[in-house]
Amino acid sequence: MPVMHEIRRPQFEQSLDKVVIIPVGSTEQHGPHLPLGVDTYIAEGISEILAEKTGAIVAPAFSYGCKSKPLSGGGPLFKGTIDLNGTTMISLMYDVLCEFARDGIKKVFVNNAHFENQAFLDEAMDLATREFPELKCVQSNWWDVLDQKTTDEIFSDVPFPGWALEHAAITETSLMMYLRPELVKNDLIPEDVTAKALPYSVYPPRRGMVPECGALASPKGSTPEKGKLIVDKAIEGFLKIFEAEFA
Amino acid sequence: MPVMHEIRRPQFEQSLDKVVIIPVGSTEQHGPHLPLGVDTYIAEGISEILAEKTGAIVAPAFSYGCKSKPLSGGGPLFKGTIDLNGTTMISLMYDVLCEFARDGIKKVFVNNAHFENQAFLDEAMDLATREFPELKCVQSNWWDVLDQKTTDEIFSDVPFPGWALEHAAITETSLMMYLRPELVKNDLIPEDVTAKALPYSVYPPRRGMVPECGALASPKGSTPEKGKLIVDKAIEGFLKIFEAEFA
Amino acid sequence: MPVMHEIRRPQFEQSLDKVVIIPVGSTEQHGPHLPLGVDTYIAEGISEILAEKTGAIVAPAFSYGCKSKPLSGGGPLFKGTIDLNGTTMISLMYDVLCEFARDGIKKVFVNNAHFENQAFLDEAMDLATREFPELKCVQSNWWDVLDQKTTDEIFSDVPFPGWALEHAAITETSLMMYLRPELVKNDLIPEDVTAKALPYSVYPPRRGMVPECGALASPKGSTPEKGKLIVDKAIEGFLKIFEAEFA
Amino acid sequence: MPVMHEIRRPQFEQSLDKVVIIPVGSTEQHGPHLPLGVDTYIAEGISEILAEKTGAIVAPAFSYGCKSKPLSGGGPLFKGTIDLNGTTMISLMYDVLCEFARDGIKKVFVNNAHFENQAFLDEAMDLATREFPELKCVQSNWWDVLDQKTTDEIFSDVPFPGWALEHAAITETSLMMYLRPELVKNDLIPEDVTAKALPYSVYPPRRGMVPECGALASPKGSTPEKGKLIVDKAIEGFLKIFEAEFA
Amino acid sequence: MPVMHEIRRPQFEQSLDKVVIIPVGSTEQHGPHLPLGVDTYIAEGISEILAEKTGAIVAPAFSYGCKSKPLSGGGPLFKGTIDLNGTTMISLMYDVLCEFARDGIKKVFVNNAHFENQAFLDEAMDLATREFPELKCVQSNWWDVLDQKTTDEIFSDVPFPGWALEHAAITETSLMMYLRPELVKNDLIPEDVTAKALPYSVYPPRRGMVPECGALASPKGSTPEKGKLIVDKAIEGFLKIFEAEFA
Amino acid sequence: MPVMHEIRRPQFEQSLDKVVIIPVGSTEQHGPHLPLGVDTYIAEGISEILAEKTGAIVAPAFSYGCKSKPLSGGGPLFKGTIDLNGTTMISLMYDVLCEFARDGIKKVFVNNAHFENQAFLDEAMDLATREFPELKCVQSNWWDVLDQKTTDEIFSDVPFPGWALEHAAITETSLMMYLRPELVKNDLIPEDVTAKALPYSVYPPRRGMVPECGALASPKGSTPEKGKLIVDKAIEGFLKIFEAEFA
């Protein structure tokens, strides 16, 4: 199995032409029904499937992420969310990318499952590839590669609240039902969740901007089948990226 | 006119209860027809109108922005774009916010007109308000407060390419035609621009991913009237934010 | 099982008086017979046992560690070792500790299994507890809590090369045989490994200072029983620390 | 007019052999009669005249400066002064210089009008030219290029208090009367200002070390003619520098 | 003798109400006739005399300074100059000041003898006293406290080249002849040194801007008597500062 | 004597092929009988002897060190200890090493006498030699080069408490009796000191973990002869390192 921590040095030495996938997640509250590791589990789960299909190596996941936005994940308003400063994430990803480059790795795919990480990961990728221009580094995530048809299908029986409110809601809950069903508490799925996406950010965060349950839209209607659909389509999207960038 | 650099200390001392608006732009190529200062001009222009309507003070604009994304503004692929590292932007906005807080300012509105700044500005706002919790700090931008009806109207005669491709295209060109018409070269507006938004980022950037003209969608169909519409609607949106957060 | 990523927010909210254990490992070559994740597997494995005995919560492990010393782990002389700069590790642990403190956690046990992390973790613990003096933070590791009798028993049939050379050797191999036997390649265990601990460090590292196999002493004589003995004694030592510091 | 924000990318691409002038100012209280933007207006104003005479390009000004010294500008003792930390200024100028160098610019003239910026700008220039040795970077300011005869002429009717006390006093007031007369409040010019330059710095700053009016010497005797004289002589001095370094 | 490194903890514990003097020097070439430690020797020498007169404690000197300016000390153009980056100096002085404050020290006098350190020391003093407002921190140097009469006397028989050119010239040579005569090579004193102070800085530095001998004005005419005069007058000036700030 | 601060530039220019020794000490309480500069005096003292034997140059000592561990030196529990943050030490040594490399120095020996500096010095050495790979940089200390026979001899009449407790105890006291006898207060040597080395670190530090006298083991039995023995053996060990690495 192509999990980097499980392989031994001689195996790694023979894999320098492979793509290294770095799953990036978070430690973040995901409502009453999902565990704190949701983003990391999803990033790791999809990465392992992708690695099996492509022969890539899955590097150790980043289990702590950038600051959960108060208006999406709730940020510091909820306990259980352990966030990194933006500069720490930049340094962390920068160091790791440079080290892979020093070892001779030429292709890295950053598979991010926590929206707030995105800009800081791009910054690190830019800095690392300036220093190691022979390293090619791609970042994507499961939600950006889904096509309209897939989204329509997932939300055929419930309204789509918009991606900004899909925190601990149908897509993440369905993904967990498929990838880690034992960690989902079906009986604690909140109903009647109503939040509104605001066209601005505000600091310091204040209680009441986000539903007390910690989800931003109702996860009602989540199914493992929807989770499988998302995974399948994400893998499909990622394979196209591999084809375009790493072939 | 409530431009901070134009007022004198005694005037500022009597304005501590006002909102300070910080326009944040960039120095970035915007195709053959628009000047390098587009984002800054738009941020400043809208800020001044907003200040006149609200009695707010307009702080000196940030004229250099975060790294232009290779797949949107073209980043380092084009000359004339002068970018800051993410950590520099965090420090810059952090220092400025803390200084306003030390002076007794309680309300800051960050009016950003360069997408790539967003995450780094939020980071700085979070850090500064942790140190000065009595400071309330809001960030928004002109495109996030436009409603569907407005977008429909702007793109009534041409197709909407999606916000990801609206670089140096209809909205920015129209805004400049309204706010700074003398700086728009109508005869150099590129036609037949076709770019495709990719669901990933890739570093190092490579030529050919973005049209050589530097715009991501055709600015054809831009008019000062559309520019005025956007400004009016942005102001409308910002006024609602002021009402909700600073009243 | 008290693994933080598996529990949900409401459970975490009710655990604020518990000890949080942070396992800290590395991604480092460990000879031809052990996988790259040895330090992380050991840190995690012992942490989970400790958590079961004490009701503590196991936070997500740090899977990347500080720079492997050229004269012990081989550092950049071997591929497969992905190291963080010291300043990155300080920031990473500092951020995580501060976040736990902000959530109301009062007791953290840093269970480190990669020697080179030690000074940087202490630095972070010092900085974080200066900011949050009500947080008590302890760092230890499995080798420092073993008593002489245990070491004598482990090395009853082979000579003890000194801790400085115990890299990918008997103690780590035995620990992996007990905790993760499926990841140990018994048939690849190197024999006749002879290295000498030098009383100095030298940069840049050069090949030939460390045996080509990547282990610093022969792992011959490793057994799962010795691994179990180390785990049992480490747990015993850690329980004494919990008693002394967290009771 | 060769203002960088007003030109378009194709124009910039054809200007790579030109000198880029970066005006560096501040946001700092300048007594009851001058606006907060004095240093920036002066830096920009002189830069634009210099650019017209030399064909140089004027980059966007730095509108926030380093910490106003308590014993000169009053620092945090007065409201309206928004200062950057020294490390932020180093990063800001370093980033901007490196970006110009990456674009192919070979000559940069940093035109500073806020004394306290000086050492930090030099530091950034040193760091940037180490990385891009083909970039030549010069820093000067209007007061260092004035000759004795000019200073004598300016202070022919009033005593010269020394440069250390020329804050919001005759030279700056005269410069503003010439460059931005509409922003000078002649009727608020303070009289009988007596301050003493101290041969040391002291922190934290305390009230009473600087006259309450915020000027350090009386601006009485300021005239637009003196302002013009300073501008003319500064331009003369800068042209000699251009001749010596950029010819 | 009140040298901090020579006293023991119990003595220090009884000295918390005293002034701590921190001598700050450099490691910098000072022509063919003076040793590399000139600035440090002068800072230490004067500090010890001052301490004897005031009962202050002399902390360990800073033996490495900020970047020697190419146009004064010659910077990297000469070997033997070992410079710190500005950010390092800020951190170094910041850490030391905070530590003294934590120990209960309330008065620190930074006695700087290397011009280029000045701005960075002020920055550190500002940052440290923000964190420890009860700490009073003063910076001065021997040349700023000399009165006109003293300067006239020193340069009664030779012309005064201006402070900008007083590097390895009469004042520093005389000071060393008085404080450390055994380290001055009288027979190597350069004659006919002609340099011109430029009203700008330029990077990267280039050979030929500074006389090859490394002094900027001729040290001819230096005497131990002039050295004693400077020391006496500096002490006189510092005592006035102590009286004004630490009484 | 080959002390860098005492030599002049031309001498340094002719010494580029020599080894530069950097003594690294601290400012740290060392019980009631030893001065605060113990570590620096020892580092400097041994460095000068070593330099005389090898023709090396002794660079200015680092007189401030990394954070004294609460469980060894007592850290912030005692006054008189002035510590640097780890990141400051990394920057400080990094800057100094890079500067020596820029001057053409190829061999640096870091002679450290304060245990807590070790990891941060290694980090700096790694970073500097990555940038200047032609620089060879070695770190050692007096205690790591002592052989068992020497330790046995030193502790022939008193029990060896282990290196972890040798703070202000027999080895350091003996070294000071030999190198700086005038600074040792024999009549204040504490007796009956009993401390226990703990197999963990804990923050924040608390009083009572370390004996109130500030020594961790009794210095009784210290003699100048033992001091001489340690110096002789350390020199012997360092000469072997020079032979192996710098020949």
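Here the chain labels run A, B, C, D, E and F in written order, and each chain numbers its own residues starting at 1.
One rule holds in what follows: a residue touches a chain if its C-beta (ideal position, glycine included) is under 8 Å from a C-beta of that chain, and two chains touch if they have at least 3 such contacts.
Just so it is clear, the structure is predicted and the values come from calculations on it, not from any experiment.
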Chain located farthest away, centre of chain D as origin (C-alpha): C
From the options A-C, E-F or C-F, the pair that copies A-B, where over half of the contact pairs coincide: C-F
Most distant chain from chain E, judged by the mean position of its C-alpha atoms: A
Computed distance of Cα centres, chain C from chain B, in Å: 48
Whole-Å gap between the CA centroids of chain B and chain D: 27
Averaged-CA centre spacing for the pair chain D and chain C, given as whole angstrom: 55
In chain B, residues with contacts to at least two other chains: 85, 87
Pairwise touch network: line, ring, star, complete, or other: ring
Round-the-ring chain order [start: chain E; next: chain F]: E, F, C, A, B, D
Parts of chain D lying in touch with chain E, wherever the complex brings them together: 67, 69, 85-87, 90, 116, 118-120, 122-123, 125-130, 133, 136-140, 144-145, 199-204, 237, 241, 245
Residue ranges of chain E touching chain F (in the complex, touch as defined): 4-10, 12-13, 16, 27, 29-37, 40-41, 59-61, 63-64, 76, 78-85, 87-88, 91-92, 95-96, 99-100, 102-104, 183, 185, 188, 214
